[in-house]
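Chain nomenclature is as follows: A, B, C, D and E, assigned in order of appearance, with residue numbering initiated at 1 for each chain independently.
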Amino acid sequence: GLNTALKNEEKMTRLTPVDGGVFRFGMISSPSALEPAFLEEINGIEICKELNDGLIRYDPNTLEIKPAIAESWDYSEDKKVITFQIRKDVKFHDGTSLKAQDIIDVWNRLAAKDTLSPLAFLLEPIVGFAQVNSGELETISGLKATDDYTLEVTLKEKNAVFLTSLGHPAVSIYKLESANKAGKDFGTPAARPETLIGTGAFKFVKWNADQDIILEKFTDYYGTKAHVDKIIYKIFKDESTAFNEFRAGNLDYVDMVPPGQRQSILKEIPDQILKTTTLTTQYIGFNLAKDPFKDNINIRKAIACALDIQSIADTVLEGSSMVSNGPLPDTMPGYDIDHRAPTFDQKKAKEYLALAGYPDGQGLAPIQYAYNYTQENQRVAEAFQAQLKEVGIQIHLKNMEWGSYINAMQSGELQMFRVACVADYPDPDNLLRMLYSKSQWGMNNVTFYSNPEVERLLTQGLEETDITKRMAIYKKIQELIVEDQPAIWTFSTNYLRIYGDKVHNLTINALDQKDMRSVWLS
Amino acid sequence: MIRFIIWRILQCVPVGLGISMLTFLMLSLVPGDPVTLMLGQHVSPQIMNNVRQELGLDLPFFSRYLQYVWNILHGDLGRSYIQHQEVTTMLLDKIPITFNLTFVATTFAVTAGVLIGVLSAVKQGSPWDTFTTGFTLLGISVPSFWLGMILQLIFGVIFRILPVSGSGGDGFQLQYYILPGFTLGFASMAMYAGLTRSGMLEVLRQDYIRTARAKGLSKPVVVFKHGLKNALIPVTTHAGMDFASLMGGTVLTEMIFSLPGIGTMLINAVSRRDYPVVQGVTLFLALVFVLVNLLVDILYAVLDPRIRYD
Amino acid sequence: MKLSKGSQFGLLIVALMTLVAILAETIAPYDPVQVVLKDSLQGPNFKHFMGTDLLGRDILSRIIYGARASLMIGVTATSISLLLGVIVGSVSGYYGGWVDSLIMRLTDIFSAFPYFLMAIIIMTFFEPSMISVFFVLGIVGWTNYARLVRGQVILIKVSSYVEAARSIGAKDGRIIVHHVFPNILSPLIVYTTMNIAGVILAEAGLSFLGLGVQPPTPSWGVMLSEGKDFIFNAPWLIFWPGAALLFSVIGYNLLGNGLRDRLDPRSKQGGESNGSRLVNSCQRS
Amino acid sequence: MGRDLLIHVKDLRTYFYTDVGVVKAVDGVNLEIGIGETLGIVGESGSGKSITAMSMMRLIPQPPGRIEGGEVLFYGKDLLKLSEKEMMKIRGNEIAMIFQDPMTSLNPVLTVGEQMIETIVLHQKVSRSMAKRRAIEMLERVGIPEAKGRVNNYPHLFSGGMRQRVMIAMALSCNPKLLIADEPTTALDVTIQAQILDLMNNLQQELGTAIMLITHNLGVIAELCQKVLVMYAGNTVEYTDVNTLFAKPMHPYTYGMLESSPKLELRKQRLDPIEGHPPDPYRLPQGCNFAQRCRRIMPVCEREKPTLLEIEPGHFVSCFLYERVKI
Amino acid sequence: MIGTNKATETLLKVENLKKYFPVKKGLVIQRHVGDVKAVDGVSFEIYPGETLGMVGESGCGKSTLGRTILRLLEPTQGKVIFEGQTLNELSREEMRKIRSQMQMIFQDPFASLNPRMRVRDIIGEPILIHGVLNRVEREKRVSKLLDVVGLSTHHGERYPHEFSGGQCQRIGIARALAVNPKLIICDEPVSALDVSIQAQVINLLEDLQAEFNLTYLLIAHDVAMVKHLSNRVAVMYLGKLVELTSSEELYLNPRHPYTIALLSAILLPYPNQKKGRIILKGDAPSPVNPPSGCRFHTRCPETQDICKVMDPELIDIGNKHFVACHLTIHTYEKIKVGNSVTNHQ
């Protein structure tokens, strides 16, 4: 997948970068924590990835794996051991040098029971993880520093995804001492520069809760040093407010365009907009364990054909989403362009409906469609409702408060519902396994979909390290899932980002991460 | 008087206890698991259980409540599930912002409202009076988000004379609170205007006003010195009641103007089931509510020498 | 005594609104929930007098149907508050003593409790629906009524005519029903009519959080909160429900003022009596 | 009339325009007060006594009230033609006023001292401390014990009688030429009433202030006044000196009023009330306002309004009974 | 204490009646710091068919006395005996029933009528409550009562605010009469009315008394009016009776210095008759901490040392003329021997 704003970028990169300046970043809603172990939402990740580097990083445009703290790596014969060569010039923000042991310490902490990290699963493939996570042991046995700059990681099984997942900021490297010093306040707004010491291109200055977070250029950074002196992440609760600030000239970048103004903004400043399709999938999930969807693929197909997703994306979502026609977003590696999910066709919908045993919707009890409340979800739901009504399918809308919504989905109470999922790292395994594997029933797989063939292929894909072969496997998986239609894939979010006319070389990848090292201000 | 104040503060105890109980009860009964909300869906049951144990959520309701009250009595409001910070620290961080906001809003609402009210009472029946009455009704019907956005656009974006949002960092910087204060105070202002107007009309009919005029005092002296203080008495009573709704109003205002205050904190916490924060904030709000009403009572005594509390 | 001109106007507005609400099916030019995506966001024009919203629905029709939901919410929620408030307030005021103290502390607790929190919590028990909106707004609003009623009851309890009733041997029940209650009615009705507007607006606040009237049923509150994002690009989205709300606020307030004068035989000269002191403590949206 | 006139009211008319109709609260009142003289005004509740006084001070609430006509000549100059600013100099300074209810006539939120001082500072142009001294002096003079301490008290700490003393002290603090007292003792107990009347009497003798005393108690009139004006439904019905009035009341209303009050020393005897009640001020009858209640009603009384005529020297009556005599 | 050598039955007997309103202080625990001694040991009798006047300054406890007699307030101490029944011992229900025998007319004619009831219902309410008549009879009786008090039947359809003060007071009277009471307590029935209207109401009260053989306890502060209406007059000062005698006697031969001052303070509508008026000093003291000894001693022109320490008793000085004053007690002691009882009526 490629950045849709490449043209702008080209124009920007042609100039020679200038150092200095403060980058004022308009962020919608506050990160909840800057502690890597808790980096669940996008804003925390956004900032944390500037503070800490991981062993690897993703290419800002292509999402390919690039060396970072690790300058190179090798797989062992059986593909179960990875040996990382650590760069010798990596410095923490307090000036001390990074050694292989520092990495092990940080990962042990992430895996430890007391840390209670929801992201510890990233280290799950490593041998000895389980013992640490359950509190039996304190160190992961699969991690070994053979010397100060060599790290050996032993995996339980062959795992082609593990390396990619190391680009997640949760497994990035900070100075353990600073975490110990901060105690329970680690990574909270109470943080001070000496209690939040990382390895990234920017170092921490201050966090004014719900107000702003300030980072400063780290001059001893081992890689390409940042151009801007400072980044201020200004925190907003409302997109319009942020946009007003932008218009008042107080921001260099805004994370989100206020809904309702997208079209006009596109017209107003077409040259200052970046458009990215992110690694998200949104779909209407069917509860396959419940009537009328249980064992009735025709009704699912009928609904799929009755919905005019494209026109909803254009009007209701104001072009802020791409229509998606499969379980993966088009920016995800392994995305299958060729698969044929049913698309809008009212005639076909009626045929399927008849096949399903409900000609013109007769005999079909109203179906409940649940979604977590946002105005946008609501509008989309209303549009769905209206479109389904045209072919004779009645649905009831049920908007739910987030907590109850998650609960209800996981417990299988709902009939039909909205699901949205963001990938943690750019690998098809991430989304496909979470959402369609039987092992995730009642957790992430809320449609209760299962297909033995899919399960088999998922395992195969995980073990296959050859990239071409792997991608072929995922293509097959996608085909199978599309065939079974456990869901109607609707949109992949296609965020609009606005930046100021003085901003150059701003890139945003499909994980919705900006690379602040390359940005410069004129 | 001092004893009265102490008594009123003591009254806070049952109210606070009641609120904590109510909050606790309600939050516990609400469907939706805080652990799921905290950790997201990716998490293994093992981690979920770890967290649940750590937070004591596996304990029966009552012992959790006792634990909670016990901690409060030790000045410990717990730690946020989401931000992992101490609730007390978070509160202390945010109180000044909300205080500033409500202070500006109230000051504005009271001064402008009272002034408008007095003028329209004095000119009862005039076009100005009709205008202000209409204005008052408008004040009730204008949604505050609308007002806030329009103000931002006009003063922040077009004329750029006031900051669009934010609090300007540490300390109280008035310019950051003008627009939010106005937005929050607008409906109150309308209400105060209405109250003052009717209070003033009532007062202007009183015998002592006639006395004051018969003494040859000029109209402004009669109205402001003799009338206003009396007319403010019913207004004051209402101010206490109004405070609760003002507090409710801070949520939207803080959101629109990106002010990191109590309202934002509460709404964030509620939507993410951050129990300790929700409980801390409601408890705090209850305290403020009681204190504000105490203040109102004191003000009452100041305004009306007939009332003395001993 | 006749209603004053202003209140006649108020009555006219309220009657008109009610009529519109009742006859919604007949009057509305379109189906208010009919989505026509290609007509999205049209400004006022000949086909759609008030324009269309994002989903291409006719705003005029939605305003007309919205009157139904909004007025129903206003009236029903207010009635619930009223009922609760009257019961609690009169018990508290009439019996006094520790009963009063206890009830008033309880009332304090409820008023100190942030109302949207209460709304969210209640809403998670009941699924959001029209009924639960009634319920939430009703529950949230009763404290002011209780205070009002209590104050009035305390005043009336010591009045000469209640004493007269006792002196002729009337029982407590009779006194409350025949002497106390009719006399608190007037300030109560005034406050109620003035509060209806506040309730309608509070529903907008709930809609904002997704807790209001459930789609696709239109209500002014829902429309207001839906229109919020389009203030700059499609201002008519927020203008019309806002205007409708303002209109009915004016209607109810004028009517309230008139009723006060009308219902209070003592204020012969049409002076301002205590009713107007209560103006409006509307919940903000 | 050979005496020095302090104030001369000619054909004063004050109407109120309300939603329901027009109230002719004062509809042609004439009166004169000489320097140092005391005039009493009696009449039923609502007969326009207070409005007459307020009109003279130009204190009618406007709207709904309006002075429709007449002259109020104070030392020969018409108060109704003065500017508001000039009028302010007269109020409280040349003409002072005290009101019926001492409980409500003092501002509850200002100290007694403050209320006195502001007047003195305003009219006498003296410093506040001087004014305070004067206030204390006045309070002492009206018999407030410990006046020095009590100036700083709020009115609610004073009893009714004391408040009325304060009101008097306040009114007299600028040495006015005329004191208008609107039912100064009605709200007080008999024993306190006696104290206050005594006080007013003494002060008048000391200061030589003219008094216009409004009351509905004929006893008060007999006690204090030299001249009496009887009002009924906005009109003057009788105007004469006090002895004549009690000895030889001419208007049937005056007569009826005297008859209907219980007399202390007489043997028990049935009272002789005036039947009926005063006319609705919104719907005054076409003829004499008293006609419906009058025992000696004549056909003309229902058709025409009588005029105030000097039946005997110094004795003015407005009644057709006497007009005929004159003709 | 009160001699009852008279053969006539007493209708109402009040024995040492006290009504204290507690003054409380303190926040959490309310301490009782004193009492408003509104009525402080009052005894007297009322005979059938007579009018007993009760005069006194504002705040001296007249209304409280009236209310306590009717048990609208529970007495702190003492008894009220009505036709031989001790009211304080009756249950609530019994009391409720007996209320038809005793009625009250209130000072403020407007405030004592429920503004939201039709006059017909106001007057009919006591009949309804005591359930003596059916609907038709009740309506008839209401019309009759309206007629009796000088209003016409169509007035019954109106609301109180449509009437003048005098008319309202007539309605109040009609309500009191509705259940054929024996005793009516009139609490300042005319003080809110105009002089010319006062006379009308006074005459009405007199006529009704004659017609229905009513007994009145007439509370007022207008001595002239009380004297005019009453057979006997009691003078109250700060919660206590200071003098009680027939009205002529009171006027001709007042014995208590307070009574004397009260009488002298009355303003008479006769110019140039300025008699030697006794002007009392100061105001009546507060009933919370009444002066020691004789309560009047602080204002009495003839105070003696004993007055400051000893509370004089209410003593019959002859002819059923009761006075509570040390001055008169001494004179009385001397003449006591030759005390002969003559009927004063």
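Going forward, a contact is a pair of C-beta atoms (placed from the backbone, for glycine too) under 8 Å apart; a residue touches a chain by one contact, two chains touch by 3 or more.
Being a predicted model, the structure only gives us computed values, none of them experimental.
S.K.: Need the graph distance between chain A and chain C over the touch network, please.
M.R.: Graph distance in the chain contact network comes out at 1.
S.K.: Between A-B and B-D, name the chain pair that shares the greater number of C-beta pairs in contact.
M.R.: A-B
S.K.: Look at all chain centres (mean of CA atoms) and spot the one farthest from the centre of chain D.
M.R.: A
S.K.: Find the chain most remote from chain E, comparing centres computed as mean CA coordinates.
M.R.: So the chain farthest away from chain E turns out to be A.
S.K.: Between chain C and chain D, what distance separates the C-alpha centroids? Give it in angstrom.
M.R.: Chain centroid spacing, chain C to chain D, equals 50 Å.
S.K.: When the centre of a chain is set as the mean of its C-alpha atoms, what distance in Å lies between chain A and chain E?
M.R.: 90
S.K.: Could you put a whole-Å number on the gap between the CA centroids of chain D and chain E?
M.R.: Distance between chain centres, rounded to whole Å: 33 Å.
S.K.: Just the number, please: Cα centre separation of chain B and chain C in whole Å.
M.R.: The answer is 22 Å.
S.K.: Out of chain B, which residues touch more than one other chain, so two or more?
M.R.: In chain B, residues 30-32, 149, 153, 271 touch at least two other chains, as defined above.
S.K.: For chain A, jot down the residues that touch at least 2 other chains.
M.R.: Those would be 240, 401, 403-404.
S.K.: Two or more other chains in contact with one residue: find those residues in chain C.
M.R.: 120, 124, 228, 231-232
S.K.: Taking the touch rule as given, give the residues of chain A at its contact with chain C in the complex, in rising order.
M.R.: 240, 258-261, 263-264, 308, 311-312, 314-316, 373-375, 378-379, 381-383, 385-387, 397-401, 403-404
S.K.: Considering only the defined contacts, which chain C positions touch chain A in the complex?
M.R.: Checking each residue of chain C against chain A gives 33-35, 37-38, 40-41, 54-56, 120, 123-124, 127-128, 209-211, 214-216, 225-226, 228-234.
S.K.: Touching chain A in the complex: which residues of chain B?
M.R.: Per the stated touch rule, the residues are 30-34, 36-44, 46-47, 50-51, 54, 79, 82-86, 89-90, 93-94, 149, 152-153, 156-157, 160, 163-167, 169-170, 254-258, 260, 264-265, 268, 271-273.
S.K.: Once bound in the complex, which stretches of chain A touch chain B?
M.R.: Residues in contact with chain B: 30, 32-33, 35, 38, 40, 113-114, 116-121, 133-134, 184-190, 208-212, 234-238, 240-242, 244-245, 247-250, 401-404, 406-407, 410, 424, 434, 443-444.
S.K.: For the complex, which residues does chain C have touching chain B?
M.R.: 105-106, 108-109, 111-118, 120-121, 124-125, 144, 147, 197-198, 201, 204-205, 208, 224, 228, 231-232, 238, 242, 245-246, 249-250, 253, 271-272, 276-277, 279-285
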